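Letters are used for the chains, namely A, B and C, taken in the order the chains are written, and counting of residues starts over at 1 for each.
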């Protein structure tokens, strides 16, 4: 159910994209408790289109910044969200991303707001 | 008022984009009851940037997947939303898209959250 | 904290993008009362990907349309939002954009929904 948009400056290669995809998905399944295989991700790159503060909140961001925007239905607790941020950051760290470069934001909606195909509202039973 | 973002893997040609635009807009006007001509759509293509499960919820998705993300103000009933999903899926089906490939999600906000030009909040009267 | 997505038809050059970035940021800091340096913006261009009504609500839009989508946490009053729209429109006008071409929409979330790096939820203290 989450729809995840991942924006980077440089285009990722297939391996990088696949690893990033998997790391995010593990956080979504383990911490946000999405069902297995509920993976829908849109990657974009913006060679000259990202403008961001390099030091806001004292966090030193580099050109390797990764914007992760997650659209998901309501219902995750603050603790689950905190775990998710921490997990993603650790997993991306193990892939070579700097932890300062992991920017995440969530936007919530309702069960009725999702159709996964076939013209049905599968979550609104 | 809806702002609609449509993401496909392959770039659409002008005719395909125009047909898809019209189909979505008809659903928005007829089912979500947006006013006529209230059409604002952003199409993007992602030749290597879409990662999604090919079988989540038992729906077999192909490379022809279409992600339709609709930002709109609150106020549509669950029934209206269900009709919208069904309509879009049927209309896209008649254009040659597979019904399994039509992914839709909605994100709502308030009347005050829209400015259609001229620096005014036209819906917040 | 706002994450701002700016979509234009034609790609902006570096100077145009920088001016637009600064104008939007001033509105965000002055009218929406975001902290200084809280700037996170993603620019995209869509040479053939924007479809929009040229006259909806009697506003004559041109190919110079600018879609500004702001994701921010809750808490701004209607008056603050109205000032923001007006400010952005004036500032963009001074940069050569037509005021009819400034389309803005806001989507809100909560303090817990932001991580600015390091895997922490910095606004949820």
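Everything below uses one rule, namely that a contact is a pair of C-beta atoms (placed from the backbone, for glycine too) under 8 Å apart; a residue touches a chain by one contact, two chains touch by 3 or more.
Worth saying up front: this structure is predicted, and the values here are computed from it rather than measured.
Superposition angle, subunit B onto subunit C, using Cα atoms only: 120 degrees, a multiple of 5 between 0 and 180.
Look at the contact of subunit A with subunit C and you find different residues on each copy: under half of the numbers used there are shared. Note on chain placement: the centre of subunit A and the centre of subunit C lie 21 Å apart, centres being C-alpha means. Those residues of subunit A in touch with two or more other chains are numbered 44, 107. Subunit B meets subunit C in the complex at residues 3, 14, 17-18, 21, 35, 37-45, 71, 107, 109, 112-122, 124. By the touch rule above, subunit B contacts subunit A in their complex via residues 7, 44, 46, 48-53, 55-57, 59, 61, 67, 69, 78, 81-82, 85-90, 99-108.
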